[in-house]
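All remarks here apply to the structure that follows.
All chains are identified by letter, namely A, B, C, D and E, in their written order; residue positions are counted from 1 within each chain.
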Amino acid sequence: MHGKIMNASFDALVIGGGIAGGEAALNLANNGFKVLIVEKDLSIGGKMILLSKVFPTLDCSACITTPKVSEISRHPGITIFTGSEVKSISRKSETSFEAEVIKTPRYVVIDDCTGCQLCEQACPVLVHDQFQYNLVGRKAAYIPFSIASPRVAAIDIENCTLCGACEKVCPTKCIDFTQEEEEYCINVKTVIVATGFNLFDPLKIPRYGYGTYKNIITSMQMERQLAPTRPFNTILRPGDGKVPDRIAYVLCTGSRDATVGNPICSQICCMYSIKQAQLLMGALPMADVTIYYLNIRSFGKGFEEFYDQAKGMGVNFVKGKIGKITENENGNLNLRYEDINENVVRETEHDLVVLSVGVLPNTDSKSFFRDGDLKLDPFSFVDQADPLASPSKTSIDGVFVAGTATGPMDIPDSILSAGASSAEAISYLNRKL
Amino acid sequence: MNKKIGVYICHCGGNISDYVDVEKVKKSIEAEDGVFLAKTTLFACGDANQKEMVDDIKENELDGVVVASCSPKLHLLTFRAVTERAGLNKYNYVHANIREQASWAHSDDKPGATETAIRLVKAAVAKVRLAEPLYPFIINSKKAVAVIGGGIAGLRAAIELADMGCPVTLIEREHFIGGRVAQWDVLFTTNETGKEVVTKLYNEVIRHDNIRLLTGAEVISNTGSIGDFKMKIKVTPRYIKAKCNEGHLLKAIEVCPVDVPDEFNFNITNRKAIYHNFPSEYPQTPVIDIKNCTRCGECEKICPSVDFSQEEETIEINVGSVLMATGFDSYTPADGEFGYKQIENVVTLPQFKRIIDLNDKKLIYKGKEIKNIAYIYCVGSRQIDGDNKYCSRYCCTSVIYAAMQARHKFSDINNYHFNRGIRTYGKQEVLYAESLKGGDIYLQSYEDAPPVVEQNNDKITIRINDILTAKKEMSVEADLVVLVTGMVPRADNSVASLFKLPKGRDKFFNEIHMKLRPVETVIDGITICGACQGPKNIMESVNSALSAAIKSFSYVSKGELELEPIIAKIDKDLCTWCGACAEACPFDAIKMVKDEKKDIAAINNSVCKGCGMCLPVCPSNAINLIAYSDKEIESMIDALAG
Amino acid sequence: MADIGKKTARILVFSTEKISDPAIDMAGLLKLHYPPTVYTISIPCSSGVKTSWILHAFEKGFDGVFIAADGSDCPYGESCTEKTGKIISRTQEQMKRLDIEPARLRMAAICSVCSESFVKQMKSFNEYLLKNSNN
Amino acid sequence: MEIEKGKTYKYLREKREVSQAAKDNLKQFIKIKKLILDALQESDLTIEQLTQKLNMPSNEIVYYLMSLVKYGFVQIGAVDDMDAYFSYKLKK
Amino acid sequence: MAAINTEFGKELKKYGAFDFNACYNCGNCTAVCSLSTEEDSFPREMVRFSVLGLEDDIRSSLKPWLCYYCGECSTHCPQEANPGELMMSLRRWLTTEYDWTKLSGLLYRSLPLTIIGFIIATLGVLVFSVLENFNLQSIMHIGHLFEIIAIAAVFGFILLPNIIRMWWMIILKPKIKVPLINYFTSFGELIIHMFTQKRSLGCDDNQLRWFEHFIIVIGYLGLLFTTVFLDWFSNDSLFVIVLGYVMSIIIFIVTIDFMSDRIKKQKEMSKYSQPSDWMFVVWLFLMGLTAFVVRLFIDTGLIEKNIWLYLFHLTILVQWALIIVPFGKWTHFLYRSFAMYFAKIKAV
């Protein structure tokens, strides 16, 4: 059905171009191995590149990610397929795998695009911008975000009306609607699964009213509002554009909750919420920020001190899980919870509510391998075959796992896990070659 | 020579531009001598800007570049690489730190911050004006790594390095390997015992030709640096012949009259001067603890394998990189802290784990059967008054798991957890849920109102104002109190001071950057991993160990390294050889040589570290440090003075 | 909030790349404010500061010079503290001769995490210099 | 069909049906864009005022207005006395 | 200072509670409960007291009675600790605490003992019938007298002392000072709640449940009034006959719905049924049904030849009056109403 199938071979296939996949690929390439990164999104950098600042140092996330990302994209030993998906992987021999990779058309010739954004200006269509988590719109011809890598345009064909406006203005004639899906047959010796995580969808908790009440956002939407590449120029309620001054964080939204099928702790929400609270207090000095929590899990290096710092800045911490949320006529929200310290149920009004959504597995990895060979753990993360002595080993010899594909973890842990998987992959390659 | 200089001023996505008027900075330096172009950018480090810089340098034939952005610790190397890609020598690049030292430091004073930034950028421009191209020295890097510490992290790193094809010397201070993991019994998630894990790794270690294992070994000196560390290692003998008869040895242990506290069991039991840690420890040969041995000779009479003639050795090794995996100590509570050492039956978590391991069927401690156990959390962690502000991260899971193990192994155990908020992060949460369902009782207090342990007659009572019960005062009578002690840095960290490793606020070893360079230290060639870097559980330790292994490997794998050409330089005309510089040099890098007419000093390029200690002592001002010459420093001072 | 526009002393800091620089950076990171007229020049080691540089700074109008010394943490060896001390005393003697108040040169060991101590030093030095300024 | 560079959209038009949803979405955006820009033509307005004037849900106004800011049609004006609402004006 | 007693939790499991130990004290249950107020927050506090075994605090608390078991707390409990079922178990436990005879505790904890009790009641009816030579007239007459006497006796010897014990536990022992006048001013509350259970209207689930309960209370009291005071089976007034029919129909129709819920287990509150729950609803159903059929047989003249039918009805009646009413779930109806009354007294 497709034209031709292209063949290529690499030493290692890294699935996922987030921070873990990127770090693993760099380690491998720096040691002389040829690496292919297959990234589903239009840009590498994963979720981290979209964050505001990172705890506990408050470095801006982009400042850490962008140089890494440009190092990856420049590296002669690394090939990157963006907008591509692994369809299947099967073992071909003792020492090799064959991967079927589908590259969906971008309708833009990456090498020719200069990122001038003229097409974006010309495009008449406006749809929700997924990289701004739907807070604003984007065009159907668009550059994913300003620090994307590659920073080139793409056409969202689902929403494109084929009016041709973009093509008319493109100075380098790099827009090409004749592109078709390409199928690659990739031969590799080892595979690193770095498929990352999904965020919990709060629509699954109807009593919180996300989606219905417009001034409830997810933590990722707040992350975007605080990021340098933010959608609004300041922090605004998406319901009516008001600058909020009583902001609430609802921790454990979709974590530690058997009723939504996710009994585990997401490990990062406490800290990112504390970080956002600190940033909000900086951005909106008059605002009150309240964090409703079950237990604060500030366990990492410098985390407890960071938590103390937030308390010192005046962030209000209330122990109690939010039971339900109702909306007032002015768009403000009433949060009902039990104040555990006082042992009484209370209802408190806030004008913006941030749901600190949890980490869910990205179950894509399940379908890569034939016959369900890649074992998953009870929570559908990639199972670690030997979690204590070889944390990146999976149930398949020669396939390693890095970062949040094995479970929730923060950025430093993801990077260490990526380091571990690349180390194991290199010694595997040494043993097999 | 008039340079063409390009200046890039970074917004840092608001980090700088929120406090520093970057446009004003740009305007005020545009007129500076030599500045050809000045630009502001949202992210200087972003790919797009990097490309733009390369294009600018090429197109305009710039021969000097300044980026004013964050600390050079983060991105000096990034921009040096950019200039190199553009075909410009990377030492024609100068970094101005206007984030940490201007926008952030003076975020309370925007005009002040802007003014500071202007001066800092002008100083950088002044410096780059005088910069000259420099070329790195290439040195040989010995393809070998020393791994210090034979615990789980060290073992795992050593195996990985060996697998990657790198010779490793694994140095363990104790006579037995396995570190803390060997001391733990059943381990969380896999239910393997610590012994099983250590056995598995030990078998790999001895299988490997690339690994040389030294036990009872301590690093006593280090000279040299990256690529070429020269270390002396003192190896204490076992005083037992390698080939020994086990039956005889067991008898020898039996007859030994010495009785000293057994550190392996955290002093809850005693051992002899000739001892095993446990029957299957590694290496399997027992040891005579010569410090406590009375030389009575009883063992020698029974066992021909005992050999007091063995002598301490000093081994010299030469490696390209050092990987530190020295582990942690468990916090020792102060006398009287929750009754420690004042009330009998108050033990620490590691002791408790050993107690579980040593008992069978019934849980007996000090002759009494234990039924009710109280666990007091955060002892030595998250301290309000003490120094340890940090959370030790592993203890919640560790103690919950140990408590469950006690409940399963022995009958009728009641567990009471006096905690400050349970932190079973990630998948460990299921363990907490299981513990609750199993009937363990959790009581929570705030840090400023910890539980109180009291002894009345024979009974130990623990009282707490439980915030989960509206701060009602609750009490429990316990047979055993377990203090859940956190991780602290090793008390004896002499090996670290040999290498001058920097420590963080928490006194653990500090990495350069938690996310960018998480296992590297400011001392080139030395990597850190495991719990010596901060509290970690086993999986996290191993992840960092493998990351450190690959980093250490990258220092030595190519056999050579590039070194910074920043060294001292002698002005032959001015030098009159007085010897003051040679005396001042801590590295012995300066020697006298005969020049045409006179004696002068000469620098050994590959030994000089570029510290500059020789500069101020020269009476004739004949020495300058490359890139820090009088001219450069003075022109910077001029620029800063404004 | 700082008193914006209030006069502060001009202080030149010689700090070291591996030890005191990180502390000064961290002071910024933690937003521990100090006078904005404090400028830093980074060098490899505090025992490499030349007297002539310090005198040059006074000549150019700096009110004070501060050496953020490595102290015992110095990666180049333990002699650093002693050597830096000697430079200070030698320079101060020269300053006396040139009729510059010797207290306008200060030194303190700033370890890699001594951010608070650095800021304290800068504030007290600033106050001292303002009080004793001739204007 | 011959493919002409710069007019490849014509090629795809032959092969691919543009979905009705995409067409509707475009129509709606053009309509709302015009409404908002016309309203701002008269005077600077806050989102609250726009909501009343256009009789549209305020969250939709936020979405479209911010998109218009993003693409340079509208710029952000002053904030009110309560620091609560910004006004918006046309970009000249 | 209160000592922790883990035995209590184990005891409570005999009353049907389970998994409540899993509670990690997030307070979600309290927050989603629409009956929970700042003055009276539950159920988490009760869960916590149960885990720690704070018997005295539970005994003196009215909170278990303030819950009408809509089940929201259990549905949304992130630890699946079933606070709703715990509250139900606490009501059972409290019932036995109030009961001076302690017989209700036996019934809740042991199904065999319950069955023996029912068999004894059945045998009693049989023995009595044999003694009366199966004479329908005299059996029906004595049956009617029995009803009057049983009601008076159960109320006088068991329920009244138990309510006094309840009062002692809730007001007297915790030394709560209550002005005497409150007892009179709050009396209306008792009556209103007894007949309408209006508090359950605050529950989130639906108004139908409240309506059903209301109807069944009306039906039950109506049937009781018709049979006992109007002597339905011996009365010839058309109004009384129809009234009895209507009341008994209401009872068995509504109980059928209740039973089907318990079988379907779709609603949270009907997921976990204890024998005591089943007994209550089944016997109520049988009462309504048998009373209906007996009167039908009387009206159609079939009863003479089918005296067993009346005996069956009588057996149900005896079991109901002597076991379920004084010791079983029926008491909840009474205690709940008094709980509202005491709550009002305390609050005024």
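By definition in this document, a residue touches a chain if its C-beta (ideal position, glycine included) is under 8 Å from a C-beta of that chain, and two chains touch if they have at least 3 such contacts.
Please read these numbers as outputs of a predicted model, since none were measured by experiment.
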Margin query: Give me the step distance from chain B to chain E, shortest route via touching chains only.
Written below: 1
Notebook entry, point to check: What chains, if any, are shared contacts of chain A and chain C?
Noted result: B
Margin query: Among the chains here, which has the CA centroid at the largest distance from chain E's centroid?
Written below: C
Margin query: I want to compare two interfaces, B-C and A-B. Which one has more contacting C-beta pairs?
Written below: A-B
Check: Which chain would you call central, comparing Cα centres to the global Cα centre?
Finding: A
Next item on the list: List the centre-to-centre spacing of chain C and chain E in whole Å, with centres computed as mean CA coordinates.
Entry: 83
Notebook entry, point to check: When the centre of a chain is set as the mean of its C-alpha atoms, what distance in Å lies between chain A and chain B?
Noted result: 30
Check: Cα centroid separation between chain A and chain E, in whole Å?
Finding: 55
Next item on the list: Check each residue of chain C and list the ones that touch at least two other chains.
Entry: 29
Next item on the list: For chain E, jot down the residues that touch at least 2 other chains.
Entry: 24-25, 45, 79
Checklist line | Footprint of chain B on chain A - complex, ascending | finding: 27, 30-31, 54, 57, 59-60, 62-64, 66-70, 73, 115, 146-147, 149, 151, 227-229, 256, 263-267, 295-305, 308, 319, 340-343, 377, 379, 381, 384, 386-392, 407-409, 411-413, 415-420, 422-424, 426-427, 430-431
Next item on the list: Name, in rising order, each residue of chain B that touches chain A in their complex.
Entry: 11-15, 42-43, 45-48, 50, 70, 74-75, 78, 152, 156, 160, 163-165, 187, 189-190, 192, 197, 200-201, 382, 389-391, 393, 421-430, 433, 467-471, 504-506, 508, 514-516, 518-519, 533-535, 538-540, 542-551, 553-554, 557
Next item on the list: Under the touch definition given earlier, write down the residues of chain A that touch chain E in their complex.
Entry: 207, 252, 256-259, 263, 294, 320-324, 336-340, 343-346
Item checked: In the complex, chain E residues that touch chain A -> 24-33, 36-38, 41, 44-45, 75-80
Check: Tell me, which parts of chain D touch chain A in their complex?
Finding: 3, 5-13, 16, 18-19, 22-23, 25-26, 29-30, 33, 46-48, 51, 57-59, 61-67, 69-72, 76, 79, 83-86
